[in-house]
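Each of the next two complexes has chain A plus one more chain, namely chain B in the first and chain C in the second.
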Partner chain A sequence: MDSERIFGLLVAQIRDTVPDLETHPIARGDVLADLGVDSMERSEIILAALEEIGLKVPMVDLHGPRNIGELADLLAAKSGG
Partner chain B sequence: MDIAITGIGVGCGAGHGKPAFRHALFDAPDLFGVLRREGRESPADTPPFLGVEMPDPPDILPPRQARTASFSARAALSSLAEVWDQAGLDAVAPERIGLIVGGTNLMAREQALALRAYSDRLVYVPPRHGHMFLDTDICGLCTAAFAIRGFARTVGAASASGAVAIISATEALRAGAVDACIVIGAMQDPGAHDLQALRAMGAMGAPHFADSPGRACRPMDRDHDGFLYGEACAALVLQRSGDVDDGAILGRLLGAGQVADGTRGPEPCSAAQVQAAERALAEAGLTAADIDYVSGHATGTPAGDATEIETYRSLGLGHARINATKSITGHPLSAAGVVEVAAVLMQMAEGRLHPTRNLETPLDPDFGWVGPGGATHAINHALKFSFGFGGISTALIIGAP
Partner chain C sequence: MSRAVGIEALNLFGGTACLDVRALCDHRGLDLPRFENLLMSEKAVALPFEDPVTFAVNAAKPLIDAMSETERARIEMVITCTESGLDFGKSLSTYLHRHLGLAPNCRLFEIKQACYSGAAGLQMAANFVLSATSPGAKALVVTTDISRFALADGNAVQEWAYSEPTSGAGAAAMVVSDTPHILRLDAGAYGNHAFEVMDTCRPGPDTEAGDADLSLMAYLDCCAGAFDDYARRVEGADFRETFDQLCFHTPFGGMVKGAHRHLMRKHYKAPPNDIAADFKARLTPSLTYGRRVGNTAGGSVFFALAGMIDTVDLSEPLRVGLFSYGSGCCSEFFSGVVDAQGAARLGAMNISRVLDDRHSLSIDEYETLLSGASAVRFGTRDAKINRHLIPAAWRDTGGARLVLDSIDSYHRNYIWA
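Coming up: the complex of A and B.
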């Protein structure tokens, strides 16, 4: 799955998990923590996205990205897409 | 030193808040029916489970927290919001407020549903389930939403959990640990596995009234054949009497007793029940002759009701009026003790006793049962029994304000 589609999935999960962000614009350069997403919510968002993509990756392998765009790129790479 | 109760919050099959509970108690509408909440389906080719389910609690939490809060937690928060305002807890320093949640395995139905939903994709279990499977998740949600910074914990004593939570709160207040202690009898949310086990054990009814749910719950009646589960939740605020204005006091906890029967299962023990009552009376400086009203544990199981009547007889409670709140609410398991103390206080305030639904032919006519019609009565000293599986017998003495 390509990075753009995964970014869309992540944004949908972010809005689902943190209803306060429902209408807030979210860009690839945004950082989850700066949007007010706490660490438990971050795990929920990523795990839900992993399931949608069909990826099985340990959470510890997903700690590098500095923003949502980089997270989408990393997930895209892991999904071979 | 006696302990004052300064707030009541409650939810039951009739709705959330004291007005709905007052209507349930004194009008005694039929709240019973087939249990329909997801995860409570009876096994194929067996009659459905009967009982009482409550309407959705009002939204207290913001959507961000509410979306992962259990049903039991949302019911707890509704009752907590109600007591918080009534007892004026905004005026108490947060670090001087404690919270004790009575009950264990409170969210079993939702856990069973999650287990089912993720059985073939375990790797995607939401991380948050790592704290949601603990009963203390309710403590976390309550203290995150309200300024409670003294302590927060759960205590378990099966169907006596609510009563034991009240006893624990009085201990914390007497020790000076906090100035106000909130007690929540949390809503027990059993799933089909638990309900079927209770049915198989012979504790839960009601094979004889499968077609007429409204007649099935019959505590202390000759035609009783088991308890019926009922969703309910309640909260109380306890404070040292000397710390509050007399006008704010809804009732006084004068004495308490808890005895370990020395048994593992559901079998009741009259000797332990009597001893619990004697301890509570001794602490209150009263005798059985001073008790004018008994709020029975009175679930409607044949063994439980018979044993409890033996206890009344041994204590010499023939002069007292007695009713069974579970005939109206169903048996809320963990929440029972707190819900029923709330009922005692509301009857005290109203000067009348709620009906015992379906009490048509009392097991022993020599007691002062309050039948289906209710009664006018000014309560001075109430005796409240709560018993739990695992040999837990408790008694509380509650005095008028």
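Coming up: the complex of A and C.
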């Protein structure tokens, strides 16, 4: 799955997990913590995205991205897309 | 049926003083939704006359007092489990041995692996009992950890802030034997998951450091991995069906909630309502004491166990699944059986009442402690302890409680106060 599709999927999961962000614009350069998403919610978003992509990788392998775009790129690379 | 082994007696010690976590979050300007996610109400805060030895001895003393002379003489091993050691060579177990008046034919040592230390200690003791190299012998396993707030300066306090609301203090003492009244372990039923990661650590004598996101990720990976290894060893094991209750290592309740959700999604694709109902039924009882002391590190899974036993209906024996995680990292999922007889024995320790008796610190008193002026640092050679830095917190227990009195050429002197 390519990075753009994964980004769209992450945005949907973010809005689903944090209802306050339902109408808030979310860009690739945004940082989840700066949007008010706490660490528990961040892990929830990533796990839900992994489930949807059908990707099985350790969570610790997904540590490091500095913003949502980088997270989408990393997930795309891991999923071979 | 496998040979009986497990926890014969259990007690907790959650300190002499505590702090209202909501008041702390308000004081620090942390927003309330985050506070609610912690699932915490109080945290234990160690006073200047409390250290890992006093916590450990005060947890263990009621267990030792309840034993007969003959039973006490069968304690042939004392394992302290801690990441709050006082010396690189001498283990805390030597101080425990002295102040609990144990027999000299005894193995004394310490185990370190962050918050996993307690489970490691329990398993080492259980395997000593199962080996039957000394039939009928007992082991005393004591987890003891206090958060390192004796920090160098204001910047250090700021660096520590990420974990300040959840960092607690506490000790869990267990007698492990072949008469496991409190928790009969399912011997051989366990699973491990371990790998090297730098999530949280104690890199210096009085410092803590860490990455909360990475630690959460490692915890989630380990919870899933350790259960998978358990299921590989135990035919027919099912996360939802096999265990009546669950007790997880609890840095804060929200983290347990996340791990539970992860397993319920991974194994059953359970919808949110089912996950919430299952969490309430099988994990909420385990948060009873953790939410009153904060993260007790090595002891946290046993605080969870005690809280569960003290609150659920045990008219029928229940199988409990336990998960321990220690940063760095190593983890274990294991199980055992609890029953009404064990609940009666644990009830005799009055854990809840002892927690109620703690002094509730004001924010000003807490800040006085945090400034570290009276704290005894790692490696202190000589000191006389100020017992009355927080006068209202002092408890005259008529000799029932051990306190640190002084340090003389690195040797810590304790008295019963």
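As a working rule, the second predicted complex is superposed on the first by the 81 of 81 C-alpha atoms of A that agree within 3 Å, B and C clash if a C-alpha of one lies under 4 Å from a C-alpha of the other, contacts with A are read in each partner's own complex, and residues count from 1 in each chain.
Everything that follows uses one rule, which is that a contact is a pair of C-beta atoms (placed from the backbone, for glycine too) under 8 Å apart; a residue touches a chain by one contact, two chains touch by 3 or more.
Keep in mind that this is a model prediction, so the values were computed, not measured.
Quick one: on chain A, after the overlay, do chain B and chain C clash, or do they fit? Just give me the call.
When both complexes are placed onto chain A, chain B and chain C end up clashing with one another.
Go through the superposed model and pick first if A:66 touches only chain B, second if only chain C, both, or neither.
Touch partners of A:66: none, neither chain B nor chain C.
Between chain B and chain C, whom does A:47 touch in the aligned arrangement: first, second, both, or neither?
Both partners, chain B and chain C.
Check whether A:19 is in contact with chain B, with chain C, with both or with neither, and answer first, second, both or neither.
After superposing on A, A:19 lies in contact with chain B but is clear of chain C.
Hey, what residues of chain A end up touching chain B and chain C alike?
Residues common to the chain A contacts of chain C and of chain B are 40, 43-44, 47, 51, 59, listed in rising order.
Across the complex, what residues on chain C touch chain A?
Per the touch definition, chain C meets chain A at residues 33-34, 37, 195, 197, 211-214, 216-218, 220-221, 254-255, 257-258, 261-262, 265.
Which of the residues in chain B come into contact with chain A in the complex?
Residues of chain B touching chain A: 62-64, 67, 121, 123-124, 126-128.
In their shared complex, at which residues does chain A touch chain B?
The touching residues are 17-20, 40, 43-44, 47-48, 50-51, 56, 59.
Residues of chain A touching chain C in their complex?
38-40, 42-44, 47, 51, 58-60, 62-63
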